[in-house]
Every structure is written in structure tokens, then in C-alpha cells.
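Just dropping this structure here.
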Amino acid sequence: MEAFLHQIFSGLAAGGIYASVALALVMIYTATHHINFAQGEMAMFATYIGWALIEQVGLPYWVAFFLTIAIAFVAGFTIERIVLRPLADKPVLSIIIAFIGLLVIFNALAGFFFSYTIKAFPSPFPTSPPFGNKFLSWHDLGTVGITVMVLLLLFGFFRFTPLGLAMRAAAFNPESARLVGIRVGLMLALGWGLAASIGGIAGMLVAHVVYLDPNMMSGILLYGFASALLGGIDNPGGAVVGGFIVGVAENLLGAYVIGTELKLSVALVLIIGVLLVRPAGLFGRRLVTRV
Amino acid sequence: MAKLLEVKGLRAGYGPTEVLHGLDFEIEEGGITTILGANGAGKTTTLRAICGMVRVSGQVSLGGQAIAGKATEDIVRLGVAHVPDGRGTFVQLTTEENIRLGAYVRSDKAAVAADMERIYGYFPRLKERREQQAGTLSGGEQQMLAISRALMLSPRLLLLDEPSFGLAPLIVQEIYRILREINRKERVSMLLVEQNAALALDVADHAYLLETGNVVVSGTSDVIKNDETVRRSYLGY
Amino acid sequence: MLISRRVMIASVATAAAAHALPAMAQKKYDTGASDKEIVFGHTGPYSGPASAYGTIGKAIQAYVAKVNDDGGVNGRKLKMITYDDGYSPPKMVEMVRRLVEQDEVLFLFNTLGTPTNTAIHKYVNAKKVPHLFVATGATKWGDPKNFPWTMGWQPNYQTEGKIYAQYILDNKPDAKIGILYQNDDYGKDYLHGFEEGLGEKGRKLIVSKLSYEVTDPTIDSQIVSLKGSGADTFFNITTPKFAAQAIRKSADIEWKPLHFLNNVSASVGSVLTPAGLDKSVGIITALYAKDPTDPQWANDKGYQDWLAWMNKYYPEGDKKDTFNVFGYNVAYTLVAALKQAGDNLTRENVMKQAASLKNLEVPMLLPGIKVSTSATDFYPIEQEQLAKFNGKVFELFGKVYGN
Amino acid sequence: MTSNQAAAPLATPLAKPATSWVTTGIFIAVLFALPYLLPVVLPELEGIITLKANFMIFQFTLVIIYAIAILGLNIVTGYSGQISLGHGAFYAIGAYTAAVLMDKLDVPYWATVPVSGALCMVVGFLFGLPALRLTGHYLALATFALALAVPQLLKYKHIEWLTGGVQGIVILKPDAPFGIKFMNADQWLYYFCLFVACIMFWLAMNLIRGRFGRAMIAIRDHPIAAEAMGVNNAMVKSMAFGISAAYTGVAGALGAIAIAFVAPDSFTVFLSISFLVGLVIGGLASISGAIFGAIFIQFVPNIADSISKAAPWAIYGMFLIAAVYVMPTGAAGLVRRLRG
């Protein structure tokens, strides 16, 4: 029983990680209607910047944390302007190739600048187990807490601010958005900036758990992608819940049902099965349009 | 009356194809002007050219200010609202979000709130459906929504692209009644593109007739309505 | 007259040649070697998922630069041609063929990876190109009967697995063993050696055997399961990132087994430090090389030479990275073999000399561990010594295993 | 990837087949003469034709193999409009089929190629039936999962006796048949692959210009209209996926024969991504584009490697981005633009 609980909680802890990455994917999807394959590598690179600020510059954790978010925002914004802007009217697959290009560039540059040996990333949370439990650490709880906080902020931003509404409008229907005076290009760039920031947050939370190295995100991105689609790619809340479901399901399947060798394959098959039944994800809104 | 929009030698097209070959026309402040013509004459392109949605050359000036070549969003900010072909609904957003977006460039919050209530007064059905996803509205409701969104800009010039398209006659009548009312009450100038010439000539003060990218006839609505030859050869009724 | 003169000249020339013969006799070259240089080929994963190993190739290049600055090998400069294989077997085949057929190198050196080297194994032996000191710990590289042109270098994973097994049988015969291994050739090789070392009876000691994939974000779940299985002995066959995760997670869930960590991840600086030194106390590993991050070598001559070389020839390299020690050691071994080959730089002789290293001491190998090969022994390093982490350094203990 | 909006094109399709029959003929003739042209074009190879030229012939053999694989992906992505990030899986299945048949059953190498194709067609069709109900990102995830799962399945312990597990299977490289003396194994393999490629390209051309091709394109461009005209969308899409998988499977079998080795590590997700790169950079919905794409994925990584050992991927990534800037419709589209 204790082992079972342990599996559930370590699944929840992993789920928190997937959720935070899924959130970044949902963010970029909401703002640009693309799924950015380079999101994971951008997050990884931002995490290295955070690491350098803490370990090499010597800034306190939270200062470095927010500075990294700001740097990631500017970087995401700039990448949209420089790399993706010229491709705006190009076919979708061309843009995907550009994403793949960005992915390999960031991966290679991280190795080049920071080497491939793993680095420990500090956590701002206490190391003693909270409330004397032995299942979850403060960092696990903190990850969930920060993810939920980001989720609420995003929800509020998109739902209640004119800028958030404009960003959604620009992604859904750029032509109509221009007709109400929205600067669509700027919205896309802001969306990239925000997504890069959220990715940076996710990266910094993840890095403490899995250790920082240039390939840190390659596996996680897949789980994040699956979580986001499972929960509903246009639904931030769904993506977070999807993350937890994937984390727990993967752990339990691996530990008790199919063994560790095939757990990824089976988990993916299950997710695809769910998507076949509910094509918009568990919590996604099915788009209804009357002509 | 003062001229709100003056267009001289307007050429526009898509890619290598030129659709408009040098149009001249003008719109008077506070009036309703209509552009008539057969399919493919260039009516929709004319509206898109005014808002900078296609590549243009020639002169377009709004209240004396040159706007040709400006970006769409900048032209919108000068007070040109466009109810586009196909209505341009943000189908994934709610009705109210669609309407709120219309006022995106305005910063006068109190006035925006007042405008929203007034527009709901014109279109009470939209108010009933304010929380509904806009994609689920009927065609007529989506047309009303598009007009409402455009009006939220508090525009100087409202461009309307075939507001009657695909709608039942009763709904068309209602929409046109409201458009006339808005024009009269709020002094919003309108440029109306219609295939249904009889309908358009009924509401418009002034009309231009396009054929393959050129203005072939212009005049007040009454004159054109009563010109037997024009009616037969161009308008076909 | 004319004729006789020609004969005379000829005979003089013959005499001169005959006279010079003793000195010239050994100057024999195959493609890639000349009076001026020795050209050899190398591939490594500079790109792709295994690019962490790319630094080995760069370190070898840096060592070649040092050798050339010091005058080369027997007066000849070394020229290393290295290509990116992306850890992909098909790419490896292409690149090795390029080295052999287009660049016409004298021999191949330290090509990396088990699947990749398997892909070229037959080819290089058919072409009779020396395939020296490959960078993988699989067992199959020491098979001079069937593959006389291929030779490994590092202690193979199976041997190391057997050492741990032996230790357990000797010291903890009632152990309940839990194993975590990477699900690929590397992990399975260790596992195989370990199980073989335990023997039929000892294999019953294994209570849990779990794998992970390199794409798994964490291995927390596996550690929890291992603890749940009641294991009190843990054989940790993981690469650095997962090793650090395993060490930390088992401490966090208060699982305190007798912990054996494979040599692949036995680095104080790049594994135990990130995992937490206090959490690493008691870990046992088998070592053959000096860990550059282990403070016990700070004043060691071999380490200081290595450090000076890193600073001068590979300043951008990571000094915590044990792969940079690996590259240095293996390149040192190569140079020793080439020196031994003298002026007879045929492929056959290079292979022969590589197979006749006798008790070669390599500066960054542990004291007492030597490189030896023979015509029937294609395993250059077969010795390892167990060491236990005391919170600061790996303390060597017990005998040197192997011969 | 974009939203589910039907209006968003996956790519700008090219209107007509790029090459005329004459250019096609010349091109094929050049390919057939290549092993003998190489020493003429590169005189420094003369005399040592056997060795240096052999390596290049080997590289071109790989180009041909990749071209078949990309052509397969093109059928499903370019013509049928379904994105696939998982064609590496079919390449792997084809390769393993060939290797297992040769290794365990001593089937002659040439006979494994059609078997691989047929098996992949069945697998592709069966995968497509459910998966192609998904679109856009969801299909991308499903196919990506396939690419990820297949290498893991190949090393699964219960089929290790068949697949060789993580160690893979080493196979024998075929020699020229009938004791032909004037051709070495590399040259023979080149001609063998070229021969297969010609058949596959010819079949593809007929397929695309025929009834089935029109049905695929109709579904891609106007799914609702196609359905209304009586096209069974689900069946056509799944068939397209199956045919596409068959192409890639054939390429995989040839790849296994050329490399003479298969292992799970040969078929990582990156292989699938490479095919996609080759497809887009070659040119979507263009038969000749497959060849340009194959040349790109074969040679550009080598160029990147020769520029920088420090971070070859960074260079490769820049090449990728530059390629889509310069040739948004792929190399085939660029050629068309330059011509006319």
C-alpha cells in the first residue's frame, strides 16, 4: 500500500512537470495556433541562463528566476520577429521545418556554451519534507503551486484583459483581427514571448528534479505534448489536468501493469485511444460552426 | 456636403492580376453610397483596397488624410470599420467578446460601455446570446454581430460587404432597416456593396456602377434607379 | 664504353642501396603514412542525442595537437580526420567508408558506440584496416580470431559487472538485489556480466530488475518500485543524469541499500556532487581511471599534466567531464603503439604493435592499472579496483581485479 | 502545424508534375551512367576508380534509398494532406523485415524488398484506419508516437530471438549476380536500388495521375465535396497511408541491404524528422522533389559537420531555416520558378 501511494505521488510529481510544459505549449498554441517543436529546447536554454545567473553571476534565486523570465520573454519575442515573421505567409510545413531548425540550433548551442555534464539546479523551497510526509517534497508541491498560479494568471489574462482577448482573436482569425485594429504581428510576437517565459518557468522547475543538460527536455516535451492534447490543446486548465493524468497513469502502468520497457508506448497508445473517442481532448471545446 | 472619402486612380489586385484599373469615386460625409456590379466586377476588392487589405496604388484620402498604402490596422484606427465578406466572425469567441473586440482600439471605457448597451438596443437578440459561442449563431445573427462589431469602433466610415448575402428576406429587411436607422441617428457614413441592386439603391443616396474594375456609371440613386438603359444592361431587373 | 659506364653507375647505385639497406629496411608505408605524417580516421557523435560523447573526439584532437607540438611520433606529425556520425549506424558506415576509401587513412581510431561499431565491424575486417581502441565497453571487440583488425580499449562492461557480482558473493551472500538498467546494449551488457558473475545460484538473489529508456524524464517510479521489492542491494546501471536522480531519489525515500554504481557514472564532480555528496556516502564502484574531480588526485603528477594540457590545448573543454580524461588516456595509448611501430607503418604492423603493448602505464589511469595486449588478448585494460565513496573521495580498497 | 481550420493549407501544393518526359529520360540515363561518369567528371579519381568512386556510389545509393522513402511520405503528406512524423517506423519495419528474412530464413536479398513493402502496406493501412480519424496535431502526435514506439518494440525482450534485441542483426552484403566481373558489390547495389527506384517512381506517377491520385487530392483540397461525390474518404486516406508506408518500407529494406546491419538505434525519431525535412525542402506534392530532398538529408549534415565540429547541429539548423526562407515551395518549386 505504501509503495502504491508512493507511485501515485511520484506520478503526481512527474505530472506537475508535464503540466508546466503542457501549459507552455497551450500558451503558444493559443497565441499562434502552432505547436512549437522547439519549445522544449528554448525552455532548456532559458534554464541554462537561469543557472548561469544563479551559479556564475551569484544572484539570489528569485531575482534570477524573474530575470530569466524576462530574458526568455525578450528572446521569444525576438525569435518571432527575426525567424518566424518572414515565414508568416509560408506553408505550414515550412514553418514546422523552421521549428525543427530552431530545436537543433538551441540543442547544439547549449552543449557548446554549457557543456554536456549535468548540472544541479537549485530549488527555492525547503528540503525538509513538508508536514512530515514522505511522499512529496516541498519542491513537488512548489512546482504544482507555481504551475497553478501561472495557470490562473493566464486564465485571467486571456479571459479578462483586452490584450489577452486580442491575442486570442489574432490567432483565431488574423484578417478579422486586423479589421478591428489589432496589430496581429505584434500579438504573435507577444505570444512567443509569453510562451518562452512560461517555458523558462517550467524549465527551472523541471531542472531541479531531472538535472540540467542539453537533452533535458527531449523526453519531457513529448509527455507535455501528449498531456496538452489529452487535456485539450486550447484549454490551459485541461492541459494541467492532462499532465497529472499522464504522470500518474504512466507510473502506475509501468510499475504494476506492463513493466517499464513498454510503458511509453502503451501510454501513448492509450492517449491516442482517448483522442479517437474524444477528438478535442478530455476538456477541449469541440468547435461548432454554422455556415 | 463635405467629402469624407476621396478615391482617385485606385488600382489594386492579387498577385500579378490587377482587378481594379483606376477607380475614381467619393463618399459624402453622413451619406450612404453604394457600389453595384456583377460578380467579379471588383466590388469586394474596392472595399479591401480602401482598408489596405490588398496591394494598392493610386490615391485614397479619408477626410483629407492620405491612407493608401497604410496597414489595415492603422486605417482602422482612423475610423474605418469593415463588415467583411463572409462576416469575419471570431467563431471560437463568445458573442460579447466579438463585440468587445470591435472597440479594441478605443480607450474611452465609459463611452465603450455605453455604446455596447446602445448596440444591444439595436440587436436585442445578440444580447440574449451574449455568452454563446459566436460560431453557433445563425447566419443572420452573425451578420448582426459583424455590424455590431464594426459599430463598436464608433467609425467615421462603415464599409459593408453584401450584408444580405445568404439571408432570408425577412432578416435582410430587418438588417437594412437598422442600417438606415443607424445612418440617420448616428450620422455614420456608409459604403455599401451589394449584388441586390434594388435593395441597395433603396437605401443609398449615391451609387457607382462597376464593370470589370472600372466605374461605368455614377449618379444619385434616384437617377440610376430610373435610368432604364442602365437598369437593363447592368442591373438586370 | 657506354655500356660499361652505365653498368658501372648501376652497380654503384646498387652498392649504395645495399649499403643503406639496414637503415632503410623498416621504412614501410601503407596508405595514409609517409615520411611526414600519419593520417588516421575517427568518428564521433558531435551532433544528435549522444552528443555528450562528442567531447572525446575533441579531446583526442587536442592531444594530437600536443603530440605534434612536441615533435610528433618518430618525427611524423599526426593528422586526425574526424567526422560526425550522430550515433547513427548508417551514418557511421558512410563516414567510415569515406575515411577508408576517400581519405585513405592508415587506421581507424576510437570510433564510438556499440551499435555503430557493430555496423562497421565486418567491413573494416574485410578491408583489413586496423580498428583500434573503439570507444565502447561491449565484449565483442576483443575477438582476434574472428575479427583480427578490431580492438577495444576500456574494461568491458561484462567484466565490471562480474567484479560487483564477485564482491556480493564474497561479502553479502544473502543479499536481496535490485537492478536498474538502461534498456540498450550498454545496460544489457552490464546486466549480462553481472548475472553471469552471480552464477546459477547467485542469480536467485536478484529480487527486482527494472529498466528505463533514455527518453524517460525521471526514474523515480523505478526507484520506488525497487524499494518496494525489499531489495537491500542496488546495482545502478545508469548514465550520469539518471545516476544522479537515482542517488537522490533513494535518499529522499529513505532507501539505503548497498549501492553499486557503474563506472560510467562514477564521477565525483559531475554525478555525486549534483546528486548530493551526503547522499552518495557508501556508494561502491569499480575504477580504472583517475576522476579529475576527485580531490585525492589534486597533487598527482598525472593529474597536473592533464590539467596543464586541458588548459593549453582544450581550454573550452569541461574539466569536470570524465570523457576528457578518457580521450586523453586513449590517445596516449595510441601514441605509445605508434611509437612502437617505428618506421614500419603498414596496417599490419600498426595492428601488430597495438597488440603488443606490455604493461604500459598511462598517466590518468589508476596507479597499478596497466595496458597490456597480445596477439590473443585484445582487451587492453582488464583491471579495475573497487572504491567506496566516503563523502569526499572514492577510497580505493581491496585488490586490483583482473589480470 | 496549424489549427483545424480546413482553410489553412498544409503546404503550397505544386500544380503540375515538374519534369517532362524528355528531362526525366535524360535524368534517368545520367543516373544509370553515374558509376562510369564519376571518373570522367572527377579526373583525379581515374585509376583508383574502384575505391574512391565506390564510396561516392555508395553515397548515391543512399540518396536513391532516401528518395524512395521521401516519395512515400510525399504520397501521404503531399498528395493526401496528412502529416506524418512517423515514417521512420515504416523504414524500420521494412529494414527489419529484410534483415530477419535474410538472417533467419536465408531469403535472397532481392526477394525481401517486395515482402517488406507488402508488410508495411498492411501495417500502414491498419495504423491508418483508426489514426487517420485524427487530424492536425493529433495525427502528428499519433504518428510521432509510432516513430518512438517501434524502436522500443524492436528490442522488446520477448521478440529478441527474432530481432536480435539491442544488438540488432548483421547481414551479408550481396555481390553482383551471375558472377559478373565488371561490377563490384557497390556498383551492383547502386543499380539494384536504382532499378527499384525507377519502378517505384513510375508507379507513383501513374498512381498520382490516376483515379486514386485524383481522389487523394480531392480529399486534401475539398474533403466535404469529395465525400459528397462518393469518395470514401476514410478508405482512400488509409489506403494512401498504406501505400506510403509500403514505399518507405521498400526503402527501409534497401537501406538494410546497403548498410548490411539493422539495430534499434538506426531508426530514432530523428530519422522520421529527416524524412519530413527532405520532403519539405525537396518540395511537397512533387515527384522530383523527393530526389532533391534526399540529396539534402544525405549531404547537408556532412557539410554542416565540415564547417563546425563544435556544434554541427547549429549549422544544420541554420541551413534548415535558410532553406525554407529561400525555397518556401521546396527545391522543386524553386526549379520551376527559375525555369519559368
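Labels for the chains are A, B, C and D, by order of writing; each one numbers its residues from 1.
Keep this in mind: a contact is a pair of C-beta atoms (placed from the backbone, for glycine too) under 8 Å apart; a residue touches a chain by one contact, two chains touch by 3 or more.
Quantities reported herein were computed from a predicted structural model and do not represent experimental measurements.
Peer 1: If we define chain centres by averaging CA atoms, which chain lands farthest from subunit A? Would you check?
Peer 2: Relative to subunit A, the chain with the farthest C-alpha centre is B.
Peer 1: Would you mind checking which pair of chains has the most C-beta pairs in contact?
Peer 2: Maximum number of inter-chain contact pairs occurs for A-D.
Peer 1: So, what's the distance in Å between the C-alpha centres of subunit D and subunit C?
Peer 2: One centre to the other, that is 36 Å.
Peer 1: Could you please state the distance in Å, as a whole number, between where the Cα atoms of subunit B are centred and where those of subunit D are centred?
Peer 2: About 51 Å separates the centre of subunit B from that of subunit D.
Peer 1: Using CA atom averages as chain centres, what separation in Å is found between subunit A and subunit B?
Peer 2: Subunit A and subunit B have C-alpha centres separated by 43 Å.
Peer 1: Measure off the straight-line distance from the CA centroid of subunit A to the CA centroid of subunit D, and report it in whole Å.
Peer 2: 32
Peer 1: Quick one: which residues in subunit A touch 2 or more of the other chains?
Peer 2: Touching at least two other chains: 104, 107-108, 111, 172, 222, 261, 264, 287.
Peer 1: Pull out every residue in subunit C that's touching 2 or more other chains.
Peer 2: If we look for residues of subunit C contacting two or more partner chains, we find 47, 49, 51, 54, 183, 213, 215.
Peer 1: According to the definition already given, which pairs of chains are in contact?
Peer 2: Here the touching chain pairs work out to A-B, A-C, A-D, C-D.
Peer 1: Could you pull out which subunit D residues touch subunit A in their complex?
Peer 2: Of all residues in subunit D, those touching subunit A are 1-4, 8-12, 77, 83, 130-131, 133-134, 137-138, 140-142, 144-145, 148-149, 152-153, 156-157, 273, 276-277, 279-281, 284, 310-314, 316-321, 323-325, 328-329.
Peer 1: Going by the contact rule at the top, pick out the subunit A residues touching subunit B in the complex.
Peer 2: Result: residues 162, 165-166, 168-169, 172-173, 175-184, 234, 285, 287-291 of subunit A touch subunit B.
Peer 1: For subunit C, which residues count as touching subunit A in their complex?
Peer 2: It comes out as residues 47, 49, 51-52, 54-55, 183, 210-218, 220-222, 224-225, 227-228, 240-241, 244-245, 252-254, 269-271, 273-275, 317-318, 320-321.
Peer 1: Hey, which residues of subunit A end up touching subunit D in the complex?
Peer 2: For subunit A paired with subunit D, touching residues are 33-35, 83, 86-87, 90-98, 100-105, 107-109, 111-112, 172, 222, 225-226, 229, 233, 261-262, 264-265, 268-269, 271-272, 275-276, 279, 287.
Peer 1: Spell out the part of subunit A that touches subunit C in their complex, as residue ranges.
Peer 2: 2-3, 6-7, 10-11, 13-14, 17-18, 104, 107-108, 111, 115-120, 134, 137, 206, 209-211, 213-215, 218-220, 222-223, 250-251, 254-255, 259-261, 264
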